[in-house]
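Two complexes come next, and they have one chain in common, subunit A, joined by subunit B in the first and subunit C in the second.
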Partner chain A sequence: MSPPLLSVRDLSAGYGDEPITYDINLDVQSGTITTIVGSNGAGKSTLLKAIYGLNRKFSGTIDFNGRNIETLASVARFRLGLAFVPQGRCNFPLMSVRENLRLGGYSLRAMEREDAIERVTEIFPILRQRMSVLAGNLSGGEQQLLEMAMVLMISPKLLLLDEPSIGLSPINLSLVLENIQRIRAQGVTIIMVEQNVRGALAISTDAIVMDLGRIVVTGSPQDILQDERIAAAYLGKRAAR
Partner chain B sequence: MDAEFALQLLVNGLTIGLIYALVASGLSLVFGILNIVNFAHGEFYMLGAMLAYFVAGTLGMSYWVTVVVVVLAAGAIGALLYDILLQRFEGSNVERGVLATLGLSMVLQNGAIFLFSTTPRLTRTEYSFKIWEFAGVTLPLTRLFAAVLSVIAFALTWWALQATQTGRAIRGVSQNREAALMVGIDPKRVSRIAVAAGIAFAGLAGAALAPVYSVHPTMGFAFVFKAFAIVIIGGLGNFQGAALAALLVGMVESFVGALASLVIADAITFATMLLVLLMRPEGLFGRGVRL
Partner chain C sequence: MTASAGWTIHSIQPILRSLLALALAALALAPLLSANVYVQTLGVSACLFATMAMAFNLVYGYTGLLCFAQVAFLGIGGYTAAILVTRLGWSFWVAAPVGGLLAAIAGLVVAFSSLRLSRHSFGIATLAAALLCTIVARDWVSLTRGSMGIPGLPAPEIHLGSLDIVINNPYRFYGLSLIFAVGAIAFLHRIIHSRIGRIFVSIRENEPLAISQGIDPLRYKLLSVGLSAFVTGLCGALMVFNLTIVDPSILDFYYTETMLIMVVIGGPGHFWSVLVSSLVFSILPELLRFSTDLRLVLYGLLLIAAMLVFPKGIAGLLEKRGTDFWHKRLAAGRGQVS
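For the complex of A and B:
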């Protein structure tokens, strides 16, 4: 097996004086979709933020694409091809879709930027008809697609998605999940946190269950869905969805 | 009131309004990006005027050289202000940041009193006492240049905010910092540029007005309160709104000041500010046109 794209060792991270996630060990292979599930407050967002460098690391190492990144600022990690779409709405609401995409390609040269807009609007044709609409006036599902499109502008190697389906109607949920598969088809590796366990696991290659700041189970999505003890202990009612 | 007089008042209101726009939009730029109300903004206007007095008066440099020197110096000081002070208060410590700028304002003001004394000084330039006359309206050249410089600075910045990546990034950081981090914008770099531009605006206003009004250490104090009123009327953090409100206040000052008194003009300005705070806290021109 080729070396993992992302390799996390004994990571503890959190905010202020106390770690929220402990002893995280994680290997992610290129081309996979890994879904992290777990109850509210389990530390899922904290883990994604730690990988992107948005909170405080207490111990451990993170290797990405053969480089040690745990001491780099998030901007530097971004330049190496690591992208993160946070939980909740995360765009520039008073700018048009086109301007949002241009800012997505902030680190590109002008020519590359326009090419990249062409490329990402091919993946998300829905955005093409909305180019001059203010991002804040898009529907929730469209905004989520826009945010994914913004980070795809720089063709990241690894995309971290924190609850991409939060607050979306069932139709928008399937729209977003479908588009996540299209992103993977472009050669982007994905780690996502999802509360819509069934829908997310159905398109995933790997699954992780977190509880109380730790990874408690890793395995294939099928194993996790079929193991009733896991479902009962960690996934609660959500697994039934 | 005859037409000529009315036209004169209009021109006066426009020129003073344009200078207010410069100071107020600088304040607005800093607030828009950091959410920190910079109470020391008026002192940077004062320092700009002092430096202009020194460069033009003492060193005998020409008007235009003076303007360039002061703007560059003010921009550099703005970058330092961000690096040394303001960046420490970004995000969660905004209230402390506001208090810090209040402290800085006192330090700068009293430092200037100590170094320069409170004696008002007039800055002589090659354009002093020269007057531009058109259709019966007279305008001292120094006022005309101040107005023109404001328009140029404002138009350039407006263009940069809309059409350049750095300008877009400034608006981006001001609209959603988290989203800025998501797309690989370095908020510190962008904030430094915005603060430098905001302080450069204050410096430019100081340099442009040094030959018009007298220069003294407390000149920023009264000026900045008017700028606050303008920024609130225009909508906090709203760059264009500040400019429109400034023109409005300039007009009120010119007309009401000439026909009644300046005291009443100021009363109208601050009463409008109160009304806006009570009835339209998003500013007269709405949120839609924010940075």
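For the complex of A and C:
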């Protein structure tokens, strides 16, 4: 087996003086989709932010693509190919689609940026017709496409998605999941936190269950969904059904 | 009903722009064509206030940092230029940029120390900096002459070969202020509409998302504060040499308040509407002088009315028209598809 793309060892992280996650051990292989599930307050988003360097690390190590990164700032981690998409709307509504895409390719050189815009608008042709429209004036689904395109601008190696479907209608939820698979097809490894357990696990290759800041179960999505005790204890009634 | 029915900001934008350009050009030329000293002096004031408002718009409107230290930058620029010229015999043309530079350095120091905490800390720190500058101007008598101020500032001179121009009357000072204002505002326009300007807006709109795009917000916030402070410091230098005196009144809260009014009524983060608003609010207090007693009451009433009619500034109203236009167009497009 090839070495993992991301390796987290004994990580404790949180905010201020209080750790939220404890002793996290995690290996993520290239080309996979790993979904982290668990109840509210389980520490899922905190773990993603810790991997991206947005909160305080108390102990432990993070290796990404063979390099130790836990002392690096978020921007430096980004340059190594780690991308993080926070919760909620992930575009700039008062800017045009083109400006959003340019910001998505902020770290690229001018020529590379324009090439990347060409590349992502081939994947999402509707955006080509909307280039000068303000992102806030796009429909919910189009905004979702734009956000995915922004992520693909830099071709990250590992993408951290924090609740990508939050606040979306059921139609847009399926669009999000479909687009996550399209991103994976571009060779991007994905770790996501998602409240919509069934939908997320259906497209995942690996699953992690967190509770009270610790990883309590790891395994295949099917095994976790089929284990009624796990589903009932950690994923809520709907997922257990 | 089709989207083309009724006017929208998009449909009349070219006409609006042409009218605005003509109006601004006429307004700019009026003091040059007028022999009236009052009009020329008002023109100088309008040029400087417009530039200050645009510099404040850069940091507050575009970057989302409520900076109360603009008045401190104005004072630092004014005092530095005045001290360098009167004590060290420097030329105004060197002293003024040094004043701007010192204002920028002061802005960077305040911003660097506070922005690492939060935007609120920045607001408080800049307010403290403005108050501190007032104390320094008033109490460091050996440097600033305290409340006496530094009077008798010499008129700036231009020596170009055989051409000697002494900028010693309102007409010439208006010419200088106009050139400065056009240059500074064009510079700010260039910044705002460049990639850097878009990054400022992205930080204002959604800082976590900007970070996730690999942007270092602190670096760009410092750049925004530094540029704004530099331009405001230059305004301070011009202002005091126009008045031929600098005293602690240059640090009066009135200037902060005026800049805030101009930007908030114009629409923070919008260029042309803030420019128009800054010109209107430079001239409006003078137009209200017909009633000395009621002047401030009328000014207050007009402000309240403006805030009620344009809660998001003039630009907010125009933007709403633009948004409605796109929503109608998108809805019409979907209707055709179905």
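Note that in this section the second predicted complex is superposed on the first by the 233 of 241 C-alpha atoms of A that agree within 3 Å, B and C clash if a C-alpha of one lies under 4 Å from a C-alpha of the other, contacts with A are read in each partner's own complex, and residues count from 1 in each chain.
Here is the rule we go by: a contact is a pair of C-beta atoms (placed from the backbone, for glycine too) under 8 Å apart; a residue touches a chain by one contact, two chains touch by 3 or more.
The model shown is predicted, which means the values in this text are computed figures rather than measured ones.
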Task: Could you tell me whether subunit B and subunit C fit or clash when both sit on subunit A in the superposition?
output: clash
Task: Could you say whether A:85 touches subunit B, subunit C, both of them, or neither, answering first, second, both or neither?
output: both
Message: Once chain A of both complexes is superposed, is A:124 in touch with subunit B (first), subunit C (second), both, or neither?
response: neither
- request: Examine A:22 and indicate which partner it touches, taking first as subunit B and second as subunit C; both and neither are also allowed.
  value: neither
Task: In the overlay, answer first, second, both or neither for which of subunit B and subunit C A:75 touches.
output: both
Task: Please work out whether A:106 is in contact with subunit B alone, subunit C alone, both, or neither, and reply first, second, both or neither.
output: both
- prompt: For A:94, is the partner it touches subunit B (first), subunit C (second), both, or none of the two (neither)?
  reply: both
Message: Per the contact definition in the header, classify A:64: touching subunit B only (first), subunit C only (second), both, or neither.
response: neither
- request: Please identify the positions on subunit A that touch both subunit B and subunit C, taking each partner from its own complex.
  value: 54, 74-75, 78-79, 83-86, 90-95, 99, 102-104, 106-107, 150, 154
Task: Flag every residue of subunit A that touches subunit C in the complex, lowest number first.
output: 52, 54, 73-75, 78-79, 83-86, 89-95, 99, 102-104, 106-107, 133-134, 136-139, 150, 154
Subunit A partner contacts - residues on subunit C that touch it in the complex: 195, 198-199, 201-202, 205-206, 208-216, 269, 322-323, 326-327, 330
- line: Within the complex, subunit A is touched by subunit B residues 165, 168-169, 171-172, 175-176, 178-186, 287-288, 290
- request: Mind listing the subunit A positions that touch subunit B in their complex?
  value: 54, 74-75, 78-79, 83-86, 90-95, 99, 102-107, 147, 150-151, 153-154
